[in-house]
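Here chain A shows up in two complexes: once beside chain B, once beside chain C.
Let's look at the complex of A and B:
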């Protein structure tokens, strides 16, 4: 029993070491390595027609803003189709969409009231309703800049690109301590992690919003799985498994509203963890065998998928340490190494990636905002719990053969 | 003859740049081999000092902690012990016997805190999670003592474990900080201040925490030991080290964005 616990602790430490090394290399590479320019920097050509899809459920507070932002876009009006989807709203969202439909010919809303609710189902319906090959997706609380549509579409001039993702920047960063932390976390995740993965030709992720994909490809891959909570990760992996690439546009900054309350953040993280682990169970083995990916890309893909298993692993290692401690059988070295890598994971790790966040802060010129870094410790334990609950959800989904109920992150706009 | 040297634009040139490096794609210049060598030399000097003066540091920490520990019901003595050839000074003390009622009290207290962490919604969630986690550790420990009668460590064992752990952290900390900061354009003085400052603060805080740890365990018994060793200790270490590192990053960020002279940033 004791030996098994010690071996388990060592296994967890090994996983931590792989992630620590990965985050360190990615961070240093982003800080001083040559950057891969985005397509807009290289090419310009005739612009294609594009459909912009906006899933909405009770979005009366933000609907005007996103529709106006898209209507003010620098993209030629005759090439732009805007497809807002009213998904079972019981507020004034439908009325707002009807008003825009009457006033603007390019706004073509979809109304869903009698079918399964949820973003994947809504996107599937939009895929059949949209008339253009390039489909961009924005969540209703996003505010794309005037050049965002044009810049995102540029990536599809590359015939190998199946999806593109822009950078997400919180618009309410100053609202609470949580939003400050999420601002730092997003900065580290996009400015350093996604950009380095794009530069190194690894596997940047399509995040399901502030990005887009080829309609024919999404349809050929079966659309969005309504039984998966992380439809974006699911599509990302299926694209890579079928030989497509995902481009990342660090310069295309889209503003979003991040959760302002810890409860909302808990449910968001739990949903992400649930979906990520569902995708891991579905596609993990295929990803490891993919003939389209190089070994380093397979490794990066697996590290991306396994990341939501790490917090439960850490908690299990801590439980093993506790048992060994109570029995007086604690080996000093594993204890120290675990403690060390707990810190290291926090330093290099995913949910509170201190080195990445610090470097992103320097690159973004965030200066004093980096002073919030130590507060990540409190978010760290919180994240462990939320992610572990998400894993439990994913396992129970399989055991009970239940479908996830889509739970939207609440809006906080005043 | 002067060789041709490629330099960045001057201050005057910068004002005429049409496209300054946008934050999305800008990066710093690569670290020079000279900087890497200097940084590694600094690390070696610090590690050497810590290793060769380990006896002295341990004696200093042991004596200072002994002086800081308030009186306990049993005497606290300084015991010499060998660890990888280093003479480590360990505070030795006897843990108070934990009665059945005391164990039940810890169990009930832990359960109460856990219940409050779950139920009291007015407290911010991260604080509730932290308190709940600490309460779980206390409850498990109390339950173990209740069932098996004792924890596997006595006062001397746990004290020795603490000081050995602290010493290994002092040695690993400079390596971690060097790895994190090697590509950042700190001056050698700033690098040295960061490394020595963090290790110095860690040693000072470790001895204060050591004294508190011995006093607390010596006063209330062994049940909260796992909570202190596995949660509170690493949390405190983490908070002030990241705090110091973030202050250094803020200074650096200001300097880079307000730098005089050649353009700091490189594009693609």
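Let's look at the complex of A and C:
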């Protein structure tokens, strides 16, 4: 038993080391050397037709803004189709969409009231309703700029690109301490992590919004799994497993609203963890065997999927350490090593680690907000709990063969 | 508890709290609460600089009558005149609006100017920014610190440094020995060179949706490939071959003489377009692009882009309809 616990602790330490090394390498690569260019500098008079899909559930507070932003897009009007999806709203979202449908021929809303609710199901329906090969997705609280559609679409000039992802920037960064931390986290995650993964030709992730994909490819891969809480991660992995690439557009920035309350953040993280772990269970083995990916890409893909498994792993290792300590069986040396790697992990661990956030702060020209970096320690503890609950959900989904219920992150726009 | 232990404990707590103090101060007296800036009005426009200058000056000029000076903020002033001749070696005032033609003699220096007629820059003229509503001619060895733009044609004589951006609503003709970063023209033409030889007829046909190659791939001379091509190594398109799709290569991508690509050309490494070859789509590479003599990119009435994350070299008699971007600089080959 003691030996098993010690082996387990060593395994967890090894995982921490791999993540710490990854974060170091990615952060340094983002800071040093030229970055891989994105396709936004391609100006082309022969643009493809594009469908922009916007899933909406009780979005009366923000529906006007996203629709106006897209109608003001510089993309040629005759090539742009806007498909807002009213997904079981019980506020005035449907009325707003009907008004826009009457006033603008480009707006072709879908109304879903009698089928399964949730973003994956809504996207599947939009996939069949959309008429164009390129499909972009924006959440209802996003505000794409006038050039965003063109810049995202240009990625599909590359015949290997199956999906593209832009950068999201919190619009309510200064609202609460939580939003200030999430603002830093997003900067680290996009400005450093996603960009470095794109530069290093690893596996940048399609985030399900402020991005897009090829409709025929998504349909050929079976669309969005309604039983998966992280439909974006699921599609990302299936794209890579079938030889497609995901492009990352760091310069295509789009405002989004981040949770302002810890409760909303807890449920968001829990849903992400549940979805990620579902995808890990479904595709982890296939990813490791993929013939389309180089070994380093497989490793990066696995690190992307395992990331929401790490906090429970760490908690289990701490519990094992505690047992060993109480039994008086914990040698000094392993304790020191463990302490070292726990500190390392705390500093460079998951969720937009310190180093990445700091470098993003330099690149984005942040001033005072980087002073909140030490507060990530508390956010990290909070994340541990939410992510562990998400893992438990994913396991119970399998045990009880239950379907996840879509729980939308609340809006805070006033 | 002894005083020593209490002191150590206090020091420990202080050391633990120390990193949080700046954040707590920022939380109590916020100084950096705005969202990161996103330019939600930005639309990529190769002629942005000239448009911005015209938009900035137009309201001032509209109300001004005759010649004179208009003070602006930060000690700037606009000098408005009908015709202007800048003598050799002279420096023109801060901001110029010339209602008709501008003629700058050799060695003159101009800061920023909006010329509503034609503009002629003599040899060795230096300018920071110049927007011209008609035609523009840059004499030999002119230096552009930032940008030049003309609504009609622009002719650039040998040895000019075109700065960050040289754009024209009409033809942008560039002579050998010029250097640049960004070009826009309908089309961009390099001066000199000979016309290409007649294209050999396609002989063999390869059909598929996409031709994939694990390693390097060579398309035989004169072949017709009715598909796109993706090669994970070096890709060579033989002389006179025709590819009816997009070609992408992870290694060097060489398109030989008189070959034709009907889609885009995407290179993860360098791209070389041989003499007389033709690309109907865009050219995008993460390294360098060499555009050989008589090469044509894009077509009349449309625009495409030649983008290189590093350098672009243009041979003689090249025609590019649209935009050229050389992130680390480009040049027109000296004959």
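Throughout what follows, the second predicted complex is superposed on the first by the 409 of 414 C-alpha atoms of A that agree within 3 Å, B and C clash if a C-alpha of one lies under 4 Å from a C-alpha of the other, contacts with A are read in each partner's own complex, and residues count from 1 in each chain.
Just so we're on the same page, a residue touches a chain if its C-beta (ideal position, glycine included) is under 8 Å from a C-beta of that chain, and two chains touch if they have at least 3 such contacts.
This structure is a prediction, so every number in the text was calculated from the model and none was measured.
*Asks:* Would chain B and chain C fit next to each other on chain A once aligned, or clash?
*Replies:* With chain A as the common anchor, chain B and chain C collide in the superposed model.
*Asks:* Taking the superposition as given, does A:169 touch the first partner, chain B, the second, chain C, both, or neither?
*Replies:* A:169 sits against chain C, while chain B stays out of touch.
*Asks:* Based on the superposed arrangement, let me know which partner A:34 touches: chain B (first), chain C (second), both, or neither?
*Replies:* A:34 contacts both chain B and chain C.
*Asks:* Applying the document's definition of touch, where does A:364 land relative to chain B and chain C: first, second, both, or neither?
*Replies:* both
*Asks:* Just to be sure I read the superposition right, which of the two partners does A:146 touch: chain B = first, chain C = second, or both, or neither?
*Replies:* second
*Asks:* Answer with first, second, both or neither: which of chain B and chain C does A:76 touch in the superposed model?
*Replies:* In the superposition, A:76 contacts neither chain B nor chain C.
*Asks:* Look at A:48 in the shared chain and tell me whether it touches chain B only, chain C only, both, or neither; answer first, second, both or neither.
*Replies:* In the superposed model, A:48 contacts neither chain B nor chain C.
*Asks:* Please name the chain, chain B or chain C, that touches the greater number of residues in chain A.
*Replies:* Of chain B and chain C, more residues of chain A lie in contact with B.
*Asks:* A:222 in the overlay: touching chain B, chain C, both, or neither? Say first, second, both or neither.
*Replies:* neither
*Asks:* Looking at A:374 after the superposition, I want to know if it touches chain B, chain C, both of them or none. Which is it: first, second, both, neither?
*Replies:* A:374 sits against chain B and chain C alike.
*Asks:* Once the two complexes are overlaid on A, one stretch of chain B runs into chain C. Is it 45-53, 63-71 or 117-125?
*Replies:* In the superposed model, chain B runs into chain C at 63-71.
*Asks:* Where on chain A do the contacts with chain B and the contacts with chain C coincide?
*Replies:* On chain A, the residues that contact chain B in one structure and chain C in the other are 34, 36-37, 253, 364, 366-368, 371-374.
*Asks:* For a test of understanding, state which residues of chain B touch chain A in their complex under the given definition.
*Replies:* Its residues touching chain A are 22-31, 124-127, 129-130, 133, 137, 140-141, 144, 151-153, 157, 161, 164-165, 168-169, 172, 176, 179-180, 182-184, 225-226, 229-230, 233-235, 237-243, 245-247, 249-250, 252-254, 256-257, 267-268.
*Asks:* Touching residues of chain A toward chain C in the complex: what are they?
*Replies:* 34, 36-37, 39-46, 69, 74, 143, 145-147, 150-151, 157-160, 169-174, 177, 180, 183, 187, 253-255, 364, 366-369, 371-375
*Asks:* Along chain A, where are the residues that touch chain B in the complex?
*Replies:* 24, 28, 30-38, 167, 191, 195, 250-251, 253, 262-263, 266, 318, 321-322, 325-330, 332, 335-336, 339-340, 342-344, 346-347, 354-355, 358-359, 361-368, 370-374, 376-379, 381-382, 385
*Asks:* Could you please specify the touching residues of chain C with respect to chain A in the complex?
*Replies:* Going by the criterion above, the answer is residues 19-20, 22-23, 25-27, 30-36, 38-44, 46, 210, 228, 230, 245-246, 248, 264, 266, 281-282, 284, 286, 302-305, 307, 309, 322-323, 325, 327.
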